[in-house]
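In what follows, structures are represented as structure tokens.
Below, subunit A partners subunit B and then partners subunit C, in two separate complexes.
Coming up: the complex of A and B.
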């Protein structure tokens, strides 16, 4: 773990202004009589409440916080990922009360708050409910170079949708409602990239 | 039930690279809000601060501004989320009978860090976070889902951006006052289809504060003109995971609005509400939330705006401040919306004053794609 603070780099944000006014006060302090110095200083003091800020060279200190984490995946998602890694299959779980099927699986149904212990295997196909083509680059978070296509996929046999990458498709071919299928990664490590991406499948538009 | 009034409100100017620290911004807004209320910090008996540790780059970010908020020697508690939720907590503290005067303050400096990096950490590290989702690309998925469900076009989103940036021309606190056209929005840089630069709110720095008082104190300390009553409030949350919700559905907002309207005794929101400050973090959101708030039917938000109903001189002026599209200090956003409504109800909104405001609506969201909503009805 390391919290590093880079050296303070000076970045001036405000240029010096009203220099003349400061000069006046200094001159008065130097040369004025005790009485008018006080009066002038008092007068300036009232103005200075807002004025002195205009003369400050405001500094900026740069820093970076890097703290590692090790998040447990828990029993529900671990089961999901292990099935994906070992069998190359996408599973979901079902609410015993309302029958809603969740993928990725959840511990309890949102609507019923009942434990979901029924696991069902999904065929890996579905419908593209929404998509976006990301044009900006943000290497800190992005898994690949832009443009990146994300799809919101409603998988066959599930009642929820899943966000993932889209592949083997050009942006202009994308269409809401088109049939898609999951492409599994060759090397699987029990994480979300065990699904490589979703691609258009035979059958075209639903 | 005793009522709660907002007796003081203040905001900083919203800017990029603001040269003030978190504490300096909070000192500024709390001092101005106290002055606005005509009371001193001695009358305040508790503080609710609103901030986000990750945005601030420190833990317990609320404690770092506690002196600035005037909480020294007092009770302070914190909300990590939108300012509207902080105000709700502040009101509840007074209604509990334990407190008589609450400062609610919020601060945010988006330009000091990496917006996409930070909003990415809002997603589950076990599932979506590694895909690179953030506030913009997730909003883009919502925008397209909404478009395809109701047959809305990108040009109709653009119309919101044109209106709100234009409104900002009347607000000296706004960051992006601009006279632009639908074509300008359409031609702006593509960020995440269908969202373009001018469909998205800017990364902004700023702070806001409200002073809430129990009815007995509000009547003792302030004139009738200064008091704006918290007439109704409702909040509601939808599922955390994007795919567990229908992104084009506004059921959480409908619930929140229903509660707020019931509490305020409002049966016909379009008739009874005179002005609204609604979360337009992205242009399309204003259309969706107009529907969720019951100002028009589902899928009719675009037409409502296209017909000019939401214009400054329309049936329901929406975001006369310029909205979040013209300045989006994330956690502050909803509190800023409330501060704007306070000015509108008092008739002190200057150039952006809407005629004859008796009742105003302020709305804030929390979580990606409007997972949770808070709706306020403020009035005379």
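Coming up: the complex of A and C.
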């Protein structure tokens, strides 16, 4: 429709006819059979859209550049990871101006742009705000086999939720609002999987 | 014509080869905090934010999203722009356009890079056509070396002329506390340094650095109220070209020639060598500090070597270039061109410390990027 409407106003009559012919072929490709597409194309002497393949050799240049990356964790997150690795504890930081508590910690408060030097230890418990069960495999970004449970956990004492995986639970047992707790890994290496996962804890639905 | 706009604050990190103490977001926060302090503003005074860095360099491609806390952009209009090496001047230009449009009063432009997190040459090579030129001419050093070979042949410039520029910029950097490399060198040391790609040697070439820079633009009425001596933007000009490397005119620098000509026209400058007081030019290699002087209209074509041998562009010369030490002393790529604008602004504002050119009233800053693109800012102490 777009082509015809615009064409009627802006292009000469011969081009309008041409647009109409092309339009018919496109419509036939969409709605009709291959045979009546050919018939239509032959009738209007319009070349099929795939005819260019007869004229050229289709080439695709395959390439792969290996660019190594390493990401500096930075002062704020380093402190968080070290506390997690060495003490098995989850900490948050608090804005000195508005009092909002962030976990994972922030460099500056989103709202106040204040330095976040005020650290608080969290108990490691909280509620499952929402979740989903992932049934497909994403081998490039996610080494674990499906089904995987993605959880959004609001920890006690924090104002923001944190994303992580859920464990020790069957998908059908999950409930939005259920109490959960962090399970720390036994061998910790200062990365996000020092928290192995969150699991349901005593207290049931909050 | 847009509204008149002044720069009222500049902030930059202390740059280094590897800032292992800071993440990219923390570098951004360091520059933004310093720019706000320089302008004596808080984040609440900023109406819009523009940010940019090099595509591919850190493998995190939505800096406008994931750097929001360090950038201070939560619930503000924020725009990411990236144009290769010129990214810094492009974010500066966009900051200026935002304010000049009359739609935003105070706009912050931020450029940053953490080169230590990647392979700079591999990432930079992604600027070239992958099915045609990437394998045979990509990277930063080879093309710059090729163009200077042509200039030497055409006009009798020498490797020593480039070495003089390298020594000038590197020695100037010793007066700049923010520069990545601060080391006195002699012309002989430059000439004796290892060959990278003839005729460019190790000490002729820029390093790769970690760092960030932030520049705050304000419309006339706000700038006058907030800053005792704003650096007024007289013009911002952008000229890009390139389809294939071989299409370029390598003996001179058409984009810089056109961009500076237009900038001088807009700023009412007839004799740039006499009328400009200081320049902060994006010279990625010392060889550019010879060849590109022609394209800045400081002399006739081929006249640059003579000016350099006379010391025209030294700190005590007729037109000091790169008091900060320039790009060969400090190169956090997405920030590099914005640092030129920020340093030029500080010269006008009288805040350049030990590298201050006394009484600077008109300054030019340029950006260079890939491939062969040029951006120009002219700043002044007087209203345009």
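One rule holds in what follows: the second predicted complex is superposed on the first by the 149 of 206 C-alpha atoms of A that agree within 3 Å, B and C clash if a C-alpha of one lies under 4 Å from a C-alpha of the other, contacts with A are read in each partner's own complex, and residues count from 1 in each chain.
Here is the rule we go by: a contact is a pair of C-beta atoms (placed from the backbone, for glycine too) under 8 Å apart; a residue touches a chain by one contact, two chains touch by 3 or more.
All figures in this text were calculated on a predicted structure; none of them were measured in a lab.
Asker: In the superposed arrangement, does subunit B or subunit C reach more residues of subunit A?
Answerer: Comparing subunit B with subunit C, the partner touching more subunit A residues is B.
Asker: Is A:99 touching anything from subunit B or subunit C once the two structures are fitted on A? First, second, both or neither.
Answerer: Neither partner.
Asker: Now for A:68: first (subunit B), second (subunit C), both, or neither, which partner does it touch?
Answerer: A:68 contacts subunit C only, not subunit B.
Asker: Return first, second, both or neither, reflecting whether A:132 touches subunit B, subunit C, both chains, or no partner chain.
Answerer: So A:132 only meets subunit B here.
Asker: Which partner chains sit in contact with A:108 here, subunit B, subunit C, both or neither? Use first/second/both/neither.
Answerer: Second partner only, subunit C.
Asker: Identify the overlap between the subunit B-contacting and the subunit C-contacting residues of subunit A.
Answerer: After superposing on chain A, subunit A residues 63, 65, 69, 71, 73-74, 77, 106, 110 contact both subunit B and subunit C.
Asker: Which residues of subunit B touch subunit A once you look at their complex with the stated criterion?
Answerer: Counting only subunit B, the residues touching subunit A are 17, 19, 57, 114, 116-117, 120, 125-134, 136-138, 140-142, 144-145, 148, 189-195, 239, 241-244, 247.
Asker: Using the touch rule from the top, collect the residues of subunit A that touch subunit B in their complex.
Answerer: It is residues 13-14, 58, 63, 65, 69, 71, 73-74, 77, 102, 104, 106, 110, 129-136, 138, 140-143, 148, 150, 152, 160-165, 171, 176-177, 191-193 of subunit A that touch subunit B.
Asker: Per the contact definition, I'd like the list of subunit C residues that touch subunit A in the complex.
Answerer: 19-26, 29, 42-43, 56, 58-60, 68-70, 72, 74-75, 114, 116-119, 122-123, 125-126, 130-131, 134
Asker: Note which residues of subunit A are touching subunit C in the complex, please.
Answerer: Answer in residue numbers: 61, 63, 65-77, 106-113.
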